[in-house]
Structure formats: C-alpha cells, structure tokens
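After this come two complexes, each holding subunit A, first together with subunit B and then together with subunit C.
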Partner chain A sequence: MDIFDVFLLEAIVNGLLLGGLLALLSLGLNLIFGVIDVVWICYAELIMCGMYTVYYLYVQYHWPLALAMLAAIALVALLGFALHQFVIRPVLSAEPINQLLVTGGMLFFLQAAATLAFGIEFRNLGVTLPSVRVGEMSFSAARLLAFTLALAGVVGLWLFLRKTYLGTAIRAISQDRAIMPLMGVSPARIFGITSALGGALAGLAACLLVLQYDVHPAIGLSFGPIVFLICVLGGLGNLFGGFVAAFVFAQFIAVGGFFFHLEWGYVLAFVFFIVVMFWRPQGILGR
Partner chain B sequence: MNYPLHLAILVLLWGYIYTSWALMGRLGLVSFGHGAFMGIGAYTVVMLWNHFGLSPWLGGLVALAFTALVALLIGYPCFRFRIVGHYFALVTLALSEVARLVIVALRDQTGGSLGATPESALREGATMSLGALQFSSKEIWLVVVAAFWLGGLAVWRALDRSMGRLALQAISEEEEAAASVGIHVTRAKLRITLVSALMTCAGGILYAQYQLYVNPDTVAGIAISLQMVFGVIAGGMFVMLGPTVGAAFTLLLAEGLRLAWGNRFPALDSTIYGLMLVLFIIYMPKGILGAALDALRRR
Partner chain C sequence: MLSLERVSAGYGDFQALFGVSLEVNAGEAVAVIGPNGAGKTTLLRAISKLVEPSAGDIRLEGRSLVPLPAHEVVAHGIAHVPENRRLFPRLTVEENLRMGAFSSRNRFHERLEMVYGLFPRLEERRRQPAGTLSGGEQQMCAIGRALMSGPKLLLLDEPSAGLAPVVVQSIFALVRRICAQGYTVLIVEQNIRQVLKVVSRAYLLEAGRIRLTGTAQALLASSEIRKAYLGL
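Our next item is the complex of A and B:
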C-alpha cells in the first residue's frame, strides 16, 4: 500500500477531528472527577438529555437553533447540579464504589425515562452542515466545529481554573479537601458549582453531537464507555492527559476502522486501554 | 406456553448468574465485565453447534476453557498490579465492551447485532435432544436450572465456610495488611475470579440453550454487566439468597407492570427500577433481603 494513500490520510485527519469531539466529551467528566473524586457513570445520559432538549426546542417548538442550544446547556448544567445535590451528596462519605454505583442507577433511570417520554425512535435534527473539501479529501464541518470548540473549551477551562478566584478555590479543594474550610472556602458550594460546570460542558458536547448523530434513548451506551476509558487513560482528573488520550483513542478507532471494520477499531482501542492499565494504572499522564 | 413455569425458570437462571457475580462482588471485587463471560458462554456454544455441528456438551467445555483463559488474562495483571476499586470496575467494563464488539464485528459468522439462533435438533415431533441440549419441555428446564441454582448456592456456602473467604475479606478491607500476615493476595483473588467467571459462563450457555436465541446486546456488553451488578444490589449482596431475591424482584416488577398496563408504557418498569436502585444505594445499601433480615433481627 502506498504510504501517501489519500484515504488513509483522510482517516487520520478524521481521527484527529473525532479526537476533538471525544476530548470535549471527556472534559466535564474529568473536571468532576478531579475535584469531587466521583465518576459519573451517567455522564453520557446527561448529554443525551441535552440532545433531546435541542431537538425538541428546535424541531417541535421552532426556537432558533442557537437559543435552543443555550437552553440545553443551561438545562444540563442544572441537571448536573441537581445530580450532585440529591444523588451524590448523600453517598459522598460512603465507599467510593457506592458513588460509582449510584450514578450507574441514574444511568438506568435516565435511559428508561427517556424511552418512556420520547419513545425509541431515532430523531434527527434535520440540519446538515456542508462538508469541507481539501484536495481529494472531504471532512464534515460539524466535526471541524466540534474540534475547534473542544480546543476553545480546554483553553477556556484552563484559564478559568488558573486566573479566577473561583478557579483557584476549585483547584485548592481538589488538592486538599480537609484544609479548605479553614481558609474560608465552603466545599459544598464549590462542589455544587463544579457539578453545574461539568453539566454545562456536557450540554455543550450535546449541542455538537446532535448536529452529527440521531438522538435515541440508548445513545449514551454507544459513546459512554469510550469517554470513561479516555478519562482513565489520561489519568482520572488530569485535564491535559484526558485531552491527549482522546486523540490517541480516536486514532485507534479511525485508522483501525480504515484497515478493518469500524468495530475492530473500537476493539483495538479497548484492548490498548486494558494493556495500558496494566502498564500504568494511574494513566499515561497520571498524577 | 406455560407462563408461570417460564417465569420460575428465568428467576432461577438469573438468580444463579447473579449469585455467581456476587461471589466476587461481596468481597470488594466489583466487576463490570461479567457480560463478557456470559457472552463467551452463549456464543461459543451456539457458533460451534451451527458451524461445526459440535454438541453443546463439548462446545460447553470449549467455552469454559476459553472463559478461564480470558479471566486469567484479565485477572492476573489486575491483581498483580493492584488495580482495585473503580479502576478494576472500569478495566472490566472495557472487557465486556470488547466481547460485545467482537461479536458484532464477526457478523459474517455471528449474525452481528441481529443475533443468532441455534439450529434446531428437534425433528419430526421429537421433544428433546440430549446431544444438542435442546428440550421443548419447560419442566426439564426447570429441573436443570434449579440444579445449577442450588449448585451456585452450595458454592457460596462452601466459600463462606472456607479459609479463603476470611482471606478475601481481609484483602478487601486492607490489602497490604492481609499480605503482611502471609495471605497470597493475587492467588486468592484469582481463584474466586475463576470460579465466578466459569459459573457465569455456564449461565450464558444455559440462557442460550433455553431461549434458543442469542444477541450481542442481551448476552454481552455493558448493559448486561450492569444488569447483573444492579440485580445483586437490589436483592442484597451479603446474604446467600440476596441475588436470587434481586432476580425475582426485577422480573416480577417488569412482568407485574406489563400485566397491569400492557405494553402502553414500554419502559415504565425500568424507570421505576432505576429510581429504586438509586434510593437503595443511598438509603438501603444492604438490599431488600439484607434490610429485611436486619429488621427481623432488631425486633
């Protein structure tokens, strides 16, 4: 095979774009883990809620798309906050595995409630963004947009955590939960804010996903596992590590899918994850 | 069609599978990967039967050997390198997705997401074929499944009374301390993982032969792995009959709501179930049976 195969190059660039999307997906989950030390197994289901919000406001109620998206981001932020207040807080001092399981219960609940409310039909926004052609290769504009927004999200979050008082407080809490109340920072308040922020990032991801994929109640299961594994691979809570891991994973999926079948790309990525776990359980860039 | 008998078989079959999972789960090894072992059991047997005409008795042996190999390949490095808690859960989660995706990717052989049906060996009015492990009589299935279920409980009991359980309990509380008093941590964990995985694999074989249909989404993958975990949590992880109570509870909830409202609200049972799970984990972490026994004892 020719090294400069244009289709292989296209697969690699598409992998890069997919990496941007996955990086954006894992951003909120990673933030939550880094600060609150809880894995939201139902994170992908929060994204699904955001996708349904955009779909209904835009298609059924004819809101302008941008407004529908803003509403979705606000709603999922609220959901994230509520999830923390009513579900995570009661088990915050229980064994860590209970925190994992309780959000797993939420996964069941959200998925079933969506089936009950919206049915199992695949729903399409009906918006198609043009594809961008470079030479003989073509790329989806939605993915380019996701890639750009993912970069903006990472930079924005980094600036927020570094440059603002609230961001500094969040970083301090993640380093030492016990000492911060003495400094006049309330962990409960910071956890609530972080959860809302994580939810807002999930909402942002939902806006980009709904442009590319049909929404249905089980959609969370199709990308949820990948997102957790990316966060673990990057070192849970390490935002930069998660960013790198997203691109590594995406290349496995895109290039593996190019040479074999799409599923084999995923299989390769998961096997790679398991092997890396044995080699470096704390993730490639773990703390 | 004998509906109560069908329900009884399903309760005992899932009760057996949940019990197999809980052997590990109650000792702190929360696996999200048991869907892989069930899928290996179900698919190996059906594929060997359909493509090579190999009897499920021999196919079952192949499936068990394959499961043992996978369990060792995953378990040994996990335990050797001290992957515990939610890292263990996430590594095993990857395993169950690998199993599901491999089944889907081999769609030319397995039928992919559409699932597969074992070729019927029941010709010309025959009601059973022992060689093909196919019985049209539900009574026979009830006896078979009940035997496996009792076997599962016997394993639980034997483990409870063994030194191995004490060792594993010590490990789940404080791994370093357990190692310092001479417990071989890796070996103790591997042994229980192997037992649990092989029992789950056998459950997968029974499921495939009873339903005569396998589908990657219903026998492998993250959904089925979570179903096992949550069934056990609902029933009670720390008492022998807890997993069975969990299986009975989930099945009767689903069937009860279906009988009450028909199919008008297709996901109502899972919605209620999901909500109850969340409440259970927060307020009743010992599950239905565990909480009931506690209440009895207090009186």
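Our next item is the complex of A and C:
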C-alpha cells in the first residue's frame, strides 16, 4: 500500500479533527480535577443535558440555532455550579472514594432523569452541514466547525488562565489552597467559578457533539470513558497533557481504523493507553 | 494600630493561645519571640483569621477583625507572609506578585514598580517560576507579594527559617529596610539575638502565654532571656 495515499491523509486529517473535539471534551474535566481535586464522573452526562437543551430549544421551540447553543452553554454552566454547591461541597474534605461515589451517583441520576423526561429515542437536530472537498479528500463541515470552535475554546481558556486575575487565582489555588485567603481570595468562590467554567466547557462540547451525533439518555457512556482515559493519559489535571493526549488518542482511532477496521482503531488506542499506564502511571505529562 | 485583648485560639481540641494581649503602634516594629511550639505562628494566623480565635478581641485601628472572613482581612490592611514563604511554585515571580494585589488590582502597576525598586533581583527573575528561586530570593518574593496589597501592617512569620546563615544576615537587613520604609511590622522569630537588633519592642511567648515584654534592649539585657535563649 502506498503510504502517501490520499485516503490515509484523509484519515490523518479526520484524526486531527476528532482530536480537537476530544481535546475540548477533556478540558472541562481536567480543569475541575486540576483545581478542585475532584473527578466529575458525571461529566459526560452534563454534556448530554446540554445536547438535549440545544435539541429542544431548536427543534421544539424553534429558537435560532446559535441562540439555543448559547442557552445550552449557560444552562450547563449553571448545572456545573449547582453540582459543586450541592453535591461536591459537602464531601470536599471527605475520602476520594466518597467523591467518586457521589458524582458516580449523579451519572445514574441524570441518565435516569433524562430517560424519564425525554424517552429513549435517538433524537437529532436534522441539521446537515455539507461536506467540504479538498482535492480527492472530503471532510464533514460539522467536524471542521467543531474542530475550529474546540481550538477556540482551548485558546480562550488558556488566555483566561494566563492573563486575568481570576485565571491566575485558579492556577494558584491548585498549588496552595490553604493560603489563598491571605491573597484576599475566597477559595469557595474560586471553586464555584471554576465549576461554572467547567460546566460551560461541557456545554460548548455539547453544542459541537449535537451537530454530529444523535442524542439519547445513554450517550454519555459512548464518549465519557474515552474522555476520562484521555485525561489520565495526559496526566490528570494537566491541561496541556490532556490536549496532547487527545490528539494522540484520536490518531490511533482514525489511522488505526484506516489500516484495519474502524473498531480496531479503538482497540489499538486502548492497548496504547494500557501500555502507557504501565510505563508512566502518572500520565505522559503528569507530575 | 493593632491590639489583641486576651485572645485564645487553637485547632480542634488543642489550645495554642491562652488569653494573649499585645499592642503594636503605627510605624513600630515589634517581635514575638519564643521557643518552638509556643504558639507564635498561631498568633499570626489568628490575626489574619486563618485560625478563628475562640475568645478575645483583635482590633485594627479600633475596628474588630473577629467578624471578618479570612479573605477580607487583607483588604483591611493586614498582609501576612506565612511560615515557609508558601509561594506558588509553578507561577512566575510576577504572577505571585499579581496574586498579592488580587484585592487591589487597580494599584498593581505602581506597587509592582515599588516592589521591583525595593528588590531589583525580583525584576530580573520576573518570568521565572517562583519554585526555581533560591531561598533568599523566595523570601524576597514572599515579602514583595505581601507588600503588593499595600498593607498598613505586615506580619512576618519566621523570615529567617530554613535559610543559610549568610542569607539570614541579608534577610534581617531586608527586614530592617522594610521597617525603615515606615511599615508597621509584627515579626515572629526564633532567631532571638538577630531579631532583637531589628525591632524596638518584643514579647516573649511561652506555652501560649505572654511571659515577658519590653524594649529590645531591655530584653537583650534580661537575665531570663540571656540564660534560656541566648546561652549566656
């Protein structure tokens, strides 16, 4: 087989596009872990809530798509904040296993609530974006759009964390929580803001996913584990590590799927994950 | 400026301070000296509200700090340089200073200039992660971070701890400079001989109680201090 096959190139580019989306998906989860030291097991279910919001506002209530998406981002940000205030805060200083259990419980709660409220049907927006042709290759415009917005989200978050007082405080609090009050910073407030930000990132991810995939109550399970593995692969809590890991993982899926069979791409990616965990249990860029 | 009236404080069932009263006047440098475990750090932590006092009153310019949450104390004019400096190791020097100005960010640039004027070394290293600084530079950065809030009162917790003997000298020279700038300073130290050369008055804290108080010269001359702490 010619190694510079256009179809291979197409697979690599598709891998890049998928990588951007996975990078955005892992961002919120990583941020929360890095700052608050808690894993939101129900992170993918927050995304599911965002997808339903876009779907209902757009399809049922005929909101303009962009407005429905903004509303979804705001709503999931609010959900993230509420999750922190009412579920995480009471167990903030408890054993990690308790924190896993409460957020794990939220996963099943949100899934069951969505089944009751929306039924088990697969629903889609019915928006079909055209495909973009470059020479002999063709790419889905939805994926290109998702990739672009995902990168914009990553860059935006990076600038926020680097350039603003609040962003600096968010990075500082992950390094020394106890002395933050001496800086005039209320840790509880920073945690609330970070949770809302993590939620907003989940909301943005929801907008991009709902353009490409049908939404149903169990959709979280189809990408939640991958997102979690990517965070672990990059070094849980390390935003840059998660970013790199997302692209590595996506290339395994896309190129592996090209050479063998689509499912084999996932098999290869998970084998790679397991090998890395033996070699560097703290993740590729973990400390 | 600062007055403590019969302040008690502790952690859970452990009581570290028993009715401590002390006074710091504006423009004055005062030390609290005493052995390890006497409650010196707890005293400073009670003033900045990192520890909730269980009894007594703490007043800054007549205003009680007791009802304030910890993160509002700094906006009232108290900056605390904690024990072991506690810089944010992966933030740069300048980002650490920025955190010091969190509650007064509109004054950030003028204060940054002031701190860099005081410690030119920090300006040279402004883009370096604070964790890569030497011990003495870290102490400068920690003091600079506290000055970024424009405090009326500066609390210094063991500024000489963990530093090489040569550096200890320069840190005390630095503290003397800060005092000369007109800052009101309350400093906690185990290095009694050195600190008494810098401050005008001191309190001796033992087992959570004030045992002795007086001018620095008087304490240096007192037989109790000379025997127990200076080994003379």
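As a working rule, the second predicted complex is superposed on the first by the 287 of 287 C-alpha atoms of A that agree within 3 Å, B and C clash if a C-alpha of one lies under 4 Å from a C-alpha of the other, contacts with A are read in each partner's own complex, and residues count from 1 in each chain.
The criterion applied here is as follows: a contact is a pair of C-beta atoms (placed from the backbone, for glycine too) under 8 Å apart; a residue touches a chain by one contact, two chains touch by 3 or more.
Predicted, not measured: the structure shown is a model, and the values here were computed from it.
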For this session: Scan A:Leu182 for contacts with subunit B and subunit C and give back first, second, both or neither.
Result: second
Exercise. With the two structures laid over each other on chain A, which partner does A:Phe139 touch: subunit B (first), subunit C (second), both, or neither?
Worked result: neither
Exercise. Which holds for A:Asn98: it touches subunit B only (first), subunit C only (second), both, or neither?
Worked result: first
For this session: Could you tell me if A:Ala112 is touching subunit B, subunit C, both of them or neither one (first, second, both, neither)?
Result: first
For this session: Identify which of subunit B and subunit C touches the larger number of residues of subunit A.
Result: B
Exercise. Is A:Phe228 contacted by the first partner subunit B, the second partner subunit C, both or neither?
Worked result: first
Exercise. After superposition on the shared chain, which partner residues are touched by A:Ala172: those of subunit B (first), subunit C (second), both, or neither?
Worked result: second
Problem set entry | In the complex with subunit B, residue positions of subunit A that touch it | 39, 87, 90-91, 94, 96-98, 100-102, 104-113, 115-116, 120, 217, 221, 224-225, 228-229, 232, 260-261, 263-264, 266-267, 270-271, 273-274, 277-278, 281
For this session: Would you mind writing out the residues of subunit B in touch with subunit A in their complex?
Result: 28, 30, 74, 77-78, 81-83, 85-87, 89-91, 93-95, 97-98, 101-102, 104-105, 221-223, 226, 229-230, 233, 265-271, 273-275, 277-278, 280-283, 285
Problem set entry | subunit C - residues contacting subunit A, complex | 48-50, 69-75, 79-80, 82, 86, 88-91, 95, 98-100, 102-103, 105, 145, 149
Exercise. Which positions of subunit A touch subunit C when the two form their complex?
Worked result: 165, 168-169, 171-172, 175-176, 178-187
